[in-house]
Amino acid sequence: MQTRVPLLICLVFGIIMFLQYFSAHPVARAIYQTVTNDWWQVIFAFTLIVGVAGYARITLKKLGQGRDVPYSLVALGGLVLMPVLALIGGTKINSPFMWAFENMLAPMQATVFSLLAFFVASASFRGFRARSIPATILLLTALIVLIGRLPLAEMISQYLPKATFWIKDYPSMAARRAILIGIGLGSMATALRVILGIERTYLKGE
Amino acid sequence: MITLKTRWLIFSGLFIIVTLSYILKISMVSQPSPQVEKSFDYLETLPESTIIMVSFDHEASALPEIQPISLALLRHAFKNNLRIVGLSLFAEGTAIGYRLLNKTAGELGKKYGQDYVFLGFKPQHIAAILGMGESIKDVFPEDYIGNRSDTIPLMMSVSNYDDIDIVISFADGDRTVYWIEYAGPRYGQQVMAGLTAAMITSYDPYLASGQLYSVVGGLRGAAEYENLLGKTGKGNRSMPAQTSAHLYVIALIIAGNIIYFRNRSRQGRG
Amino acid sequence: MELGVIIAGLLTLAIYSFLYRDNPVYRMAESLLIGLAMGYVLVIYWQTAFMDRIFTPLFSLGDFWVVIPLILGLLMFSRFTKKYSWLSRIPIALMIGAGAGVSMPAMLYARTLKQMSASVMPLINENGAFNIEALVVAVGLISTLAYFYFSREHKGLMGRTAKLGTYFLMIFFGATFGYTVMSRMSMLIGRIDFLLTDFLHVL
Amino acid sequence: MPAGVLQVKIITFIFLLAGSSAMASDSAETGAAWFDPATLPTLIVSIISIIIVLYSIYSVRSGREFKVREIPGLKAVEEAVGRATEMGKPIVYTPGYGGDIQRPTTIASLNILSSVAEKTAEYDCRLIYPTHDPVIMAVAQEVVKEGYIKAGYPDRFNPDDIFYISSSQFGYAAAVDGIMSRSRPASVFLLGTFEAESLIMAETGNSIGAIQIAGTDSTIQLAFFIVACDYTLIGEELFAASGYLSDNPSILSSVKAQDILKVLIALFVIVAVVWATIDSSSGWWSY
């Protein structure tokens, strides 16, 4: 029962969703819309509550033990703040909710994203050493492309930007396509095993 | 692994170089790339009051790179009296899109509801894209600010993709792919993209296959577009900083190798 | 100066302090970021899932079909109990099964079929010249596929082909890295622009 | 699962497929919209692929063996767990921001998690699993718990170590960076679909001296992982690795099926290129 029912549901919905792909019939589209749109969204939303509750529980536990008190308070404060602001002033433009998003959440997210620039720099310094033939190819391609992408590249040689595009469009594209083909095959096989219930990692943990 | 001190040195170097080259205004004019030219020409030659759809499919964090592109394209579209239906397939793009549309519309004296409209955000992007192929008003019964779609003058002349000349998707990820793969084959919708530089290569296959009309990518694409438009903006402004950061990365790669070979030859002798 | 800008500026600096090392200021900002982000997404899903997909259809439109996803969603709450937590596998199985069903043909089409047909180019141009690009793409594709061939040791001809494949892979990685650096730098420029223009008013 | 049940399932599946193809031919005559003719190439390729995968699963079940080559990143998985145990330090495992439970890549990553969990249970090594997706969290808890039960140490399982840490891409990245800096893991696993957060995590992991094993199906992020991590499972290798580690011959056998398909694809490309050279007006290979 505990594994049969989920396996059956997985099989049935797997086949239905597989078949709908090949149909342009309104019914098929409606099924697709309902399952992937409405149902997934709702299930996700409920699971989100489970996830947030889990996080809140861990944080409260820490508070109870007197560990990481200031951090836990700030995290819980942030968690409560957004829904409260949304309740007070809605979520439209110029609401307190949007204010908090634009002046607190968004700048922090953008800053974390911009950390990447620094990490690209440190990774460039240590990751491109010509230790072997493949590593040398990696190094040379990166250098050619980096230099070829500079606005000044044409001044060095008119062939440099062309070489950059050529590398991107042909040898690099060929490898990329092979990677994608492999991923397509791997995904297909995994998905098929999931539908047939051979792959059932997610059902573990009785 | 490199020592913490080396990391700090690398990090501070980058920070100083970018800050300095941003403060010192150096002008750099670059030749427009074929993709940017193609995009510009497309919007340039569209007849007046053609309706285009603009989708803000990115997060707030990609703003520094996407905004110069979207500003340039929106300005161009409004300047040529095209009409714009805006929306977002990424929750975070919603307020941004609304704000950018209002800003550019304000600059060129365009009226909300007549010259442009912003429909807001729809989650489950695939369903939204497919749904709009049948009826845009069914997917967005109301616009972002709560007007009923069927009462908005612009929306009265729009029912589905048949009335939309091209979709321009501004994306920092793979959202544009969904426009290409779902609005393209089923509804024959033409798609153009404004992308972060990082994403450009992943769209090459679609450009090559013609599924994607053209791309304006990265700050450089924005700067080139600004040049074509004859109006400099953040794209142009950022180019020197980007170029020097770029040179810095090249220098680091070379420095890393010099150190590596020096150590190796030393070890070889010892 | 506007309060929002001051807060945004200070939070930006707090995140940057991580570049020195992990420290209490960063940790504060990190905790706030996580908390706010969770609160934010709760609000978004309250609107897009609970309001738009359950309450509005159920109470305003009288669409009782939404009871199905509602029940499926509620089954996730069985995870709060020990005894019935297996019930949460039903919605999970549905998501996984339906996801697998959708992705099987979609992946095969976009990742496999589309890519293999796009790799085909004639070896000789219309004007009779040899098309080196067509050869590079075909050789690159096939040798990289050989690298991904798992059921035989990479020895002999297979080994040499797979080795050629790794070279193509390295070209791809190098080129991708080179192409991506620009973009990563623009994020930093964006933040520096904010710090200098809005926060410090230097520019 | 008893072989009989599987056979019934396979037969059902083939039956339905046959039905759908029949629908295809039917639609050609009646003009009904049940079958979308634009998807015919995908349908044909799907059917061929499914038959090949099922055939190889069947042949493995009936006792045929086949060998597989070594993947360097795979051995490293074992080493990485061993290293963490020796150093008495935890392991951080995270699936990346780009994945959700519907994605086959995520399933492959969870498979690897399952065998890592078994090992950490055995060596009593702490396994920390932060994720951006509550559904992945829910499944990962089950997977890890099962790993601990299977290894015989259910009491060592701590569900609090597998947690949801906001759906914001950079909130998640900042959190994982913080977790790595504070818990100083000996080994870091970055397996799944990654986006821009890949290098933020990989460089932080490197700065604390962790061994890092990465694997993803996001082509752009692969470049960053190759540069920053000790081992990288490239695209399909991630799927293959999940097969190797699962000890399940049926899962492993589909690796063989993928290989057969790759040979067919290579042949397709060769034939099509030659064909295109001789008759460039044809174009039967393009979809």
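For clarity, chains are labelled A, B, C and D in written order, and residue numbers in each chain start from 1.
Everything below uses one rule, namely that contacts are C-beta pairs under 8 Å (C-beta built on N, C-alpha and C of every residue); 3 or more make two chains touch, one makes a residue touch a chain.
Predicted model, so just to flag it, every value in this text is computed and none were measured.
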*What's the chain with its C-alpha centre farthest out from chain D?*
B
*Considering only C-beta pairs in contact, identify the chain pair with the most of them.*
A-C
*Distance from the CA centroid of chain B to that of chain D, rounded to the nearest Å?*
31
*Using mean CA coordinates as chain centres, what's the chain B-chain C distance in Å?*
17
_Counting only residues that touch at least two other chains, what does the list for chain C look like?_
15, 18-19, 21, 27, 29-30, 33-34, 36-38, 40-41, 48-49, 76, 79, 89, 92, 95-96, 98-100, 102-105, 107-108, 110, 112-116, 118-119, 138, 141-142, 145, 148, 169, 172-177, 179-182, 184-185, 187-188, 190-191
*asked:* If I count partner chains per residue in chain D, which residues reach a count of at least 2?
replied: 38-39, 42-43, 46, 49, 101-104, 107, 135, 138-139, 142, 165, 167-171, 174, 196, 206-207, 219-220, 222, 224, 226-227, 234-236, 240, 255, 258, 262, 265
*Tell me, which residues of chain A touch at least two other chains?*
11, 15, 18-19, 21-22, 24, 32, 36, 40-41, 43-44, 47-48, 50, 52, 55, 101-102, 105, 108-110, 112-118, 120, 122, 124, 126-128, 138-139, 142-143, 146, 149, 168-169, 172-173, 176-177, 179-183, 185, 187-188, 190-192, 194-195, 202-203, 206
_chain B - residues contacting chain A, complex_ = 1-2, 6-7, 10-11, 13-15, 18, 28, 30-31, 59-64, 92, 95, 98-99, 123-124, 126-127, 130-131, 144-145, 186, 201, 204-205, 208, 220, 239, 243, 245-250, 252-257, 260-261
_Looking at the complex, which residues from chain B come into contact with chain D?_
1, 4, 7, 59, 61, 173, 185, 198-199, 201-202
*Partner chain C, residues of chain D touching it in the complex*: 39, 41-43, 45-46, 49, 66-69, 71, 100-104, 107, 135, 138-139, 142, 165-168, 170-171, 174-175, 177-178, 181-182, 219-220, 222-224, 226-227, 234-237, 240, 255-256, 258-259, 262, 265-266, 268-270, 272-274, 276-277, 280, 285-287
*Contacting residues of chain B [partner chain C, same complex]*: 4, 8, 11, 14-15, 18-19, 22-23, 61-65, 91, 123, 181, 196-201, 205, 208-209, 218-220, 234, 238, 241-242, 245-246, 249
*asked:* So in the complex, the part of chain A that touches chain D is made up of which residues?
replied: 11, 15, 18-19, 21-26, 28, 40, 43-44, 47-48, 50-52, 54-55, 58, 61, 105, 108-110, 112-113, 115-116, 119-120, 122-124, 126-128, 138, 176, 179-183, 185-199, 201-206
